[in-house]
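Following are the structures in question.
In the two complexes that follow, subunit A is the common piece, with subunit B as its partner first and subunit C second.
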Partner chain A sequence: MAVKKASLKEKYRLMTRGLDWETTYQPMDKVFPYDKYEGIKIKDWDKWEDPFRLTMDAYWKYQAEKERKLYAILDSFSQNNGQLNLSDARYLTAIKLWMQGITPLEYAAHRGFSHVGRQFRGAGARVACQMQALDELRHAQTQMHAFSHYNKYFSGFHQANHMRDRAWYLSIPKSFFEDAMTAGPFEFVTSISFAFEYVLTNLLFMPFVSGAAYNGDVATTTFGFSAQSDESRHMTLGLEVVKFVLEQHEDNVPIMQRYIDKWFWRGYRLLALVGTMMDYMLPKKVMSWAEAWGVYWEENGLALFNDLSRYGIRLPKYHEIATKEKLHITHQAWMVFYTACPATAFHAWLPQPYEMDWLSEKYGETFDRFYRPRFEKFGDLEKAGKRFYTNRLPLVCQTCQIPDFFTEVDNPMKQAVRHSEWRGMKFNFCSDGCKDIFVNEPEKFCQAYIPPQQIYQGNAGGARTLAEYAAWLRCGMGTESGDYYSSDDYANWLKWHGERDTTPSSSAAAQP
Partner chain B sequence: MAFQLTIEPLGETIEVADGQRILDACLRAGIWLPYACNHGLCGTCKVQVLEGEIEHTEDASPFALMDIEREEGKCLACSTVLATDCIIEADIDPEPDAANHPIRDFVATVTRIETLTPTIKGIFLGLPGVGLDFQAGQYINVDVPGIEGPRAFSIASSPAARNELELNVRRVDGGAATTYLCERLKVGDTVSCSGPLGRFFVRESAPEPLLFLAGGSGLSSPKSMIEDRFERGETRPVTLIYGARSLAELYYAERFRALAARFANFTYIPVLSEPQAADQWRGEIGFVHDAAARHFNARFEGHKAYLCGPPPMIEACIRTLMQGRLFERDIYTEKFLTAADAAQGLAKSPLFKRL
Partner chain C sequence: MGMVTIGAYDFPPADRIENYGGDINLYCCWEHHLLVPCPAAYRLPPDITLRDFLEQMFKPDHDHHPEMKLLDYAKLRWTLDSKPWQPALDKSLRDNGVTHMSYLSFYQPGLDGIAGSGV
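Now for the complex of A and B:
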């Protein structure tokens, strides 16, 4: 009989055995002080199944190869003036928002995984987190490099780190990740590896990478492929974490359910920015937010939760609200960006006629009945030379930090606001989902640093008006901020292409 | 034309159609490979080609499968087609207890037909010569005259009887093949078969007590497995919970009661879901998973469970077992994947490998 080949798993086990040990000079509880306080019970770390078996040696080899490929394409993009082949400079609003909002999250993920990569008692989990920490650092760096070419030609790409600290809308992604990083190690991996990297990842990456491909952004598309090849490890880690924890002890099930409820809702709220990217910022559309939600959540997500229900895990709380809201949130968000763009480091604009028709086609009655009339009203004001800008700071949700512009799920004419009292203070929320999260952890969320409050308290360089606030952001109308069609970006774009003004207010708006 | 693909470390060989992706072929044949995106971007399904020629399709991203990896003979199962017969090595667990009997085509003669219940027939197939080597729990494919494509039936008899295989066939309403087998097949007829097939067998080297959950004609595999165990002097506790609709549909009850009387480590629990008044049934009432939860006080840790029966029964049992703290690594099921099931399987989440 032929000698049986050892499986890859067995080979890896033989290669790595004995590399971890029980400490004797110090008790294990002191060496790993953070992996018990959440109440998650781990009976046997040996039941952890390494979701991938990669040695550092192979890791460096593969990642170096990916870098070589990526940077060759970035160089060629830049040498060939790739920026001129974009569908339209409006596309770059998506990239600016990504660079300001999401790239810092990649770096935050690097920090978060470095932290938990030290804190888990099980060596398998530690190694998986350490490798992911390196991936995330690579993603942050390669994104910045991919985008840096645009900084030579367009406004708003300078000082993303400065924007991250100061821009009101960037507290949305920033607070999301800081919430995860300041949680226990099991909550961190559930929030990031499972809820974000597994359940919601396609909704984040698909519009970004496909959007880049559709709009001629070869640099970002290539970055996307390079990152996505790391995502297989991240996704399998997310699944392994959840299975492992649920199987270790039945007392873990309600804790994990609470984490899943919380991070589904937090992730979903964050994705409102991405949905707006898909529906409004991409001049050439890939698919609508509602369609993406249908495929990636209503099909794939529900299939996953059907499997998870075997463990006694139910669908995340308020998932049905998220599904009903899919017809509304992106329009509401873009309306806010359109009116608030004097205080953002990117431009906004009215959808062009072809885009209004696309939105009608994708959203039917919802768009035509509730949102088109408002855009048309804004259009009338533009034609009359009275482009509408908001001049006040919004009420912001204490949990997700998104301005309170979402509406009641069954009444899109009524703003949804929820309140909660805690230690004599009143807190405001955009939804029941965000209110529940606060009520579960008021000690944590009462400390949230809410930009409008801070600005009014003089903590934005003493700014008293939106213009002063924008100056403190180092943004100016027409350069980084304000309407696209009165921006330098637009004027330059026309100049480089030898074209004339085709603002939507003139009837000859062209489709890119 | 089709190619043969052998998957190491399982040693299992399957057929891959021209232009068919390796991953698709494996999942349809009931062999799980790790996968996630299923379109060449993530790299989760990377496997090593040991022998043969493959073709990477355009789907395989140059980042998910880099040039150096292509040179090393790696490929993405979701984005690879075969150019010749191949052997691949995948990151899956080997099965030390698999006997890996060779698959043969053979012609069998019907020797006996017994009416086991109003809907289930016991069909006995005589094999000439050396008979068939198989592992208890496996199935054979039967070509039913006049029916396109073979039908799979588990072997209900013990592997000790190599020259006569027993099949339990339930007549499915409107099912052409089972109607033919139950109503038209006669003693002396010959049928073309191939087998043995399937990876449903007792994990003999595992020390845990054995729990069999079966429903309807899904008793066939567990019957073969249990008889085989006791012929070989099984000493671990073995429990069979068998569900039928009514007393008339309960079969081989006396046989299992006799076995339980003979072996102290064997427990037999028949359960009826709709007992009739005339049945005067004093045993367990409900579904198999209900009876299992009652008998084990809803705690299943430390067992190996073998499930065989209709899909709703299997799903209900998996849920009961998992909520009773028995998980995928200790649960084995017999699944016949149709093309439609496999297509759905890809849309299913990759949370579970086999269940």
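Now for the complex of A and C:
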């Protein structure tokens, strides 16, 4: 008896939508209790287009093949002491920030997509979310494996989980994802799949992976290639979600617009940290944050929203503020890291002369007028043996949780801060964008875990100062924390390369 | 617009004043002096005078700044929550109307930081 094999298309239909059914013992609304309360109206889930017709068996096959290649290269990297071929050990500050800040987000994304992969009543959307959930879990694991080699030689890689629930700078990415995961399923996919993975993803992926390639980090570059085909699937899901929802019902447009406004701004704020990496942490530069913003937002992003205008979607609120801020935020953020690095599990430093020149070239008068004087002042203090560290906790935005280093767009000398009152209590923000998000959902954001407030309430092991707080983080000056040029990482790097310390600032990098 | 939720959703603010043991949380910023790159947060008893706060806490945080010695209390232009404000230096924070999570800032005309760069 001849067995008839199904065509690919037929197989896909049978193994995804063919597995779905209308429930009869229980009403569908009880089986899928979360996909209506946001007010999004779906008339016909069958209109969902599956951009990648991937079945589960094919998925396992592709991923297994990628894993084999990845781990072969990671083994070779490790056996050949690949860490010695990095451009400079300073580069690893970027990878430490990735390990501590981004890898846990991959895991959070796994949880989030597992949840919505259960909650949508359309089988096409469920399957896409299920596969993305598995991708994200794989990315969390392969990143840890790729970075684990560095843990043998450098400080700051060994306690990402401990840090994640405690460190002030990690509450920024953590709270971003917790906000998304506690929203409804449509808001979750709009935030993560559309705003972050579709609109802003190039700004995240390009600097990390190209940065790794430029700086001799074969392990991370190989991870990047291994994740690339997954990422393109995620991006396509992001666009499909938005188009599908907008085409289903006109009442969905204002809800989606609010989600897009909120998550564009939240994603943009989170990327301030990535921009800082591009401009300050990579010893060999790829492109500046301002250039990346120009290409990936001002060209590609605006073109995308031009396409979306036929659905009645306009550009995200405050996008023009983000564009004006592109000349400032990375320098301002690096000031925070430079002054607060006794309480970070990575090192910071003054830019070297060639980097100051590069920043002048990329940022022109903005850098020379407003930021070069700060670095020069800090350099003078270092030379005098008084390396400046702050010992005071900062004002942190109630929404994005970034220490408020932002200035007014029309006056970079003036501190930007916004205020709101809710139920008789005052709240403070870094921007109109973050204030608007709070005002829409004060019930949610009033519960935010803001690190300085938690410290002052006694919830950080009783710490009151930055130094006591660092001890609670298990961060030690010279090992995990403090200036790079007074760190073990730097001393080891010189030793392994048979070099002497020739950096003028290094000998003066005193303890706080 | 209220939050859209699946059920009752009502939780107290994480930073309510009851969690501060009688103290308040206060923010303070010296405008055009961004060497300390963010406004600073303080936990303080509300009956400390504004002058004591400035002398004992705020000024030591900025003692590395060359313009600190030029600071003249009589010339400061103050704001409270970004609105113009006339405080009495020798009155307590409470009597000055400063409450939990208030944001104070001051600017002294002429002091615009190192090389007039706002730092």
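We adopt the following convention: the second predicted complex is superposed on the first by the 487 of 512 C-alpha atoms of A that agree within 3 Å, B and C clash if a C-alpha of one lies under 4 Å from a C-alpha of the other, contacts with A are read in each partner's own complex, and residues count from 1 in each chain.
As a working rule, contacts are C-beta pairs under 8 Å (C-beta built on N, C-alpha and C of every residue); 3 or more make two chains touch, one makes a residue touch a chain.
Note that this is a predicted model, so its numbers are computed, not measured.
Applying the stated contact rule after C-alpha superposition, one finds that A:Phe370 touches subunit C and leaves subunit B untouched.
Look at A:Tyr456: by the touch rule set out above, it reaches subunit C but stays clear of subunit B.
By the document's definition of touching, of the two partners only subunit B reaches A:Thr236; subunit C does not. Within the superposed three-chain model, A:Leu381 lies in touch with subunit C and out of touch with subunit B [touch as defined at top].
Touched residues of subunit A were counted for both subunit B and subunit C, and C has more of them. In the superposition on chain A, contact of A:Leu304 is made with subunit B only, not with subunit C. Residues of subunit A touching subunit B in their complex: 4-10, 53, 61-62, 65-66, 69-70, 225-226, 228-229, 231-232, 235-236, 239, 242-243, 247, 250, 299-300, 303-304, 306-312. Within the complex, the subunit B residues that touch subunit A are 8-9, 34, 36-37, 41-44, 61-64, 66-69, 89, 91-94, 96, 318-319, 322-323, 325, 327, 347-352, 355. Against subunit C, the residues of subunit A that register as touching in their complex are 33-34, 37-39, 184, 332, 335-336, 339, 369-370, 373-374, 377, 381, 386, 388, 390-396, 403-405, 407, 412-415, 417-419, 423, 425-428, 440-444, 446-450, 452-454, 456-457, 464. Contacts from subunit C toward subunit A in the complex involve residues 1-6, 9-17, 19-20, 23, 25, 27, 29, 31-32, 34-43, 61, 64, 81-82, 99-103, 105, 112-115, 117-119.
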